[in-house]
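Okay, here's the structure, questions in a sec.
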Amino acid sequence: MAHDLAQNTVDGLMTGSAYAMLALGFTLIFGVMRRLNLSYGPSIMIGAYLGTLVHLQFGMGAAVVALVTVLGAVAAGFYVERLCFAPMRGQAATASMVASFAIWMQLEELATLLLPRHSYPFPALIARPPFEIAGILIRADRLLTLGAAIAAMLALWLLVHRSRFGLALRATARDRATARHLGIDVDRIGLIAFLGASALGGLAGMLVIAADQQITPMFGMWATFKGLVAMMLGGLGSIPGAVIGGLLLGVVEAHGQWFFGPQLRDLLVYALLFLCLVLRAGIGAGVPSAERRI
Amino acid sequence: MLDVRDVVTAYGKIEALKGVTLSVAEGRITCLLGPNGAGKTTLMYSIAGILKPRRGRIALKDREITGRAPDQVVQAGVALVPENRLVFPQMSVRENLTAGAYLRRDRAGIAADMERMFQRFPRLKEREGQLAGTLSGGEQQMLSVARALMSRPRLLLMDEPSLGLAPLVVEEIFRIVTELNRDGTTIFLVEQNAHMALKVAHHFYLMEQGRVSFSGTPGEVEEAEVIQRAYLGSRRAD
Amino acid sequence: MLTLAGIAKRFGGIEALTGIDLAVPAGSLLGLIGPNGSGKTTLLNVVSGFTAPDAGEVRIGATEVTGWPPHRIARLGVGRTLQHPRVFSRLTVLDNIRGDSRLSAGEAEALLDRFGLSAQRGRLGDELTIGELRRLDLARAVARDPRLLLLDEPAGGLTPSETSAMADLLSREVLPGRTGILIEHKMDLIAALCPCVVVLDFGRRIAEGAPSEVLRRPEVVEAYFGTEGADA
Amino acid sequence: MEPHLVGVLTNIGMIAFVALSAYLLLLVGEISFGQQAFFGIGAYAAGIGTAVLDLPLGLALAIGAIAAAIGQLALALPTFRLRGLYFAMASLAFAEMMRIVLELTQFQVERDGELVGPNGAEGFRGIRYIFERGIEPAEFLLLVAALLAATLALLAVLERSRFGRRLRMVGEDELLAALSGIDVFRTKLAMAAAAGALAGLGGGLYAHASTYIEPRLFDVMLGVHSLAYGLIGGLGTALGPLLGVGLDIGLLESTQMFAGYRMIVFGGLVAVLLIWRPRGLLDERLLHRLARIGRR
């Protein structure tokens, strides 16, 4: 029993680290623009499909596939930003959200046009059997995801709090009007944050898909949902919150799956999300979400 | 230094500026008085590039800046101290100052200016690492002024710097305004606090209904009557 | 009619209102003046229910309404105009007036006529000039025939001729038989309409009395123009 | 009438109900990504009504509508104080929860030697009321059309009434609406109940037209479409969402125009429309202009 709990927790942290990276991307966009990009997952998926295409057509190895995936996600992110966010700065945040949902449908169909079968193989990054530490099974590629998530969080934190760009980012997130008074081009800052988030998402997506060694058109919805739930659990818009939310989501899911099966696991997760929204509070840092930004 | 000619700025159908013409002389303090809703802040925003004038031209030292984006206007040497201060409350004092120098790339120059700001505003030095939101109103106003100065402006626009501050603090703010001007900064000031403003200004304009209705030198004309007209309404009705 | 006792409100570290006591007798119009940021609009927000005070009591007639939601206060017979007038831009001017009231189309048109908006009746709310907006805002506030009116700068942004037209409109169509508070920076208007004014500064009441007398008091002049004490 | 055409029109009619339900919420300023849940609740409740409990169709449809209205109120009560993004996300989470609940719902009885009723993720087979009664597809279309026409007539009357103005006031500016004495929260709750009922009615009809339903049908794609129909067709009139449904199902789906690219076209259409006409083709401004011309 204790062993199961420990194994579940470790598995959950591994999966949760991918959620955390997705949540970081969401947070970056939400923090700067106060808008939700529901096309986030599908644009990552476009990147992964392009990567798969390169893999299948030209037999490229993991490194090239990874690069194509990230670049594809950035390109798709650029398209989404230009169509759903840039023209709607003056409108309510919901307009961008609905538009990004519409583009979600576009991207999903585009993916099935690129590769029409239900699933395709994706090259593994590390092809070696799991190893054991203190009786707990650990997969090397999942460990890599965890490491990448920690590195991404640290890098993002340093970028936001220690760089000139990060200062402009925080100024824009806080108060667009005042940031403009100081000569900060807030629209450009927004676009860069958006593309950065897409790159981060592309990296996270690539790690997840490589660990699964296959890709399906369901990935877009999966990534959007997981990233969104993790961000909301973390309390909307804080970097540590996103990471804690992601890890927490992973652990809750792992235990939920073990004890209740997949359907009740999902029910549990949605109920948790619903509760967080109604109470308008994240578990992240215990600060009311409305008060906190990046 | 600054030339504003026939500027019309509108919000939708409503023209807030109906053809404003005025100029700010280099090395001087010019003050803009006027009642609420006269269009003073709209004029500030039009100069700073936040609002695009519908007509007219704005030039800084013969260089046209009409309709430029705010970052280009800052680049050209204009900095705005906005109404209500608008410091970033969740950033430290130091970070707020750094943000003011956003468009500059000379690290050494920025560091030197930061030290100069701390000398000029010792209160800010004491609170260097504190979050700006925890400062008092007067300290926030000083931070807002210092932040604007960090871009090394040739022209400093100040929108109601005395708003909501206690009388002693207001005096200090105006002392700073005079000092800055003595050190060579041209200042264009919007004020409600007419007595204070007229005491420091070299020239003033009165604005009503989106137009400049009076222009003069303090002390030269019947100040009292002008102020009366601007703020308390004319008495000619009865 | 309207009684405020010990109203206090803080926003973060700023005391927006401190210990405000105020009584407006039935049938009179109280002028509320003071420099920008002195707490005038916050006080109206407290009365109309948009802002709950931290301390104090609001009474309308005999009813204590402290902390009531805005719609209940409105239903009690309180009409309010806004400093920055807003309209329903997707409704016609006529429907803006009818709003949720039981006015028939005919009654609403008669009201528009009295406010000089007949010609605009079929326009959408966002196609109006500032003068028309102010009049529409005012007409909407009286459409439900309120007992108490809270007017926040009804002449803000108006030209001198529009302002005197507004004064006529107020004394002819709006004020008779009603109690109210008027915030205004144009002192002509205050002097013409209000027998009594209260002056706010830094969220405190600093003076009260007849307009002509109050405006001469040194503390009021100082509040408006700033200290002269520096070199005095 | 040609069977294909009857099928398409019936489909348009049924989906119009869920599009109208999303429209009613948009009128009071709320964006819901979760109307599919109430369509689903209506479908299941009405299906259970005829297939399991052997009730007449009318009663079963009413039960479906009421169940969905109650469901929507259960969502609205804790969430309507949230605005914008928060409510939209909460509605999505709620709908996904409902879908999983339907996947877990087991309620089968034996009828004529066969098990009927909801069977979890396997779906709900044998809602055969209209086939057992020998109701022709064209007759069923007539029923759908009549119910839709009655709904639209009701909405048309409502929109011209004082209550209709109240809705648009709440939808545009809650503060100003409250200044006019409107209880914003209760107005929105009333709209939520009506929206739930409409979605439930559509779902009940859908269950009987298709005889088989499963939880997967009521996923988020249905919800997004319902929302998009109003945003495409226009929020100025209840005919707006109907136009949206007609364009999508009538034009894009049934004519096979853009076969294989339908979502690319539809998605792009929604995004571009949101930029160009944020309140859809038949928006308030256009209707206002038409009304002016009509008066001349």
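When the chains are written out, they are named A, B, C and D in that same order, and each has its own residue count from 1.
Here is the rule we go by: a residue touches a chain if its C-beta (ideal position, glycine included) is under 8 Å from a C-beta of that chain, and two chains touch if they have at least 3 such contacts.
All values reported here derive from a predicted model rather than from experimental measurement.
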**Q.** Interchain contact steps from subunit B to subunit C (minimum; 1 if touching)
**A.** 1
Q: Would you indicate which pair of chains has the most C-beta pairs in contact?
A: A-D
Q: Could you work out which chain's C-alpha centre is the most distant one from the centre of subunit A?
A: C
Q) Where the CA atoms of subunit A average out and where those of subunit D average out, how many Å apart are those spots? A) 31
**Q.** Inter-centroid spacing, subunit D versus subunit C (mean Cα positions, whole Å)
**A.** 44
Q.
Centroid from C-alpha atoms only, then distance subunit A to subunit C, rounded to Å. What do you get?
A. 50
Q: For subunit C, jot down the residues that touch at least 2 other chains.
A: none
Q.
Show me, using the given definition of touch, all chain pairs that touch one another.
A. A-B, A-D, B-C, C-D
Q. In their complex, what parts of subunit A are in touch with subunit D?
A. 35-36, 83-84, 87-88, 91-95, 97-99, 101-110, 113, 221, 228, 232, 263-264, 266-267, 270-271, 273-274, 277-278, 280
Q. Which of the residues in subunit B come into contact with subunit C in the complex?
A. 12-14, 35-37, 133, 136-137, 160, 162-164, 166-167, 170-171, 192-196, 199, 209, 227, 231-235, 237-238
**Q.** Of all residues in subunit D, those that touch subunit A in their complex
**A.** 31, 33, 78-79, 82, 84-86, 88-90, 93-94, 96-97, 100-101, 103-104, 121, 220-221, 224, 227-228, 231, 260-264, 266-272, 274-275, 278
Q | In the complex, subunit A residues that touch subunit B | A | 164, 167-168, 170-171, 174-175, 177-185, 293
Q: Mind listing the subunit C positions that touch subunit D in their complex?
A: 48-50, 69-72, 74-75, 80, 86-92, 95, 98-102, 122, 124, 140-141, 144
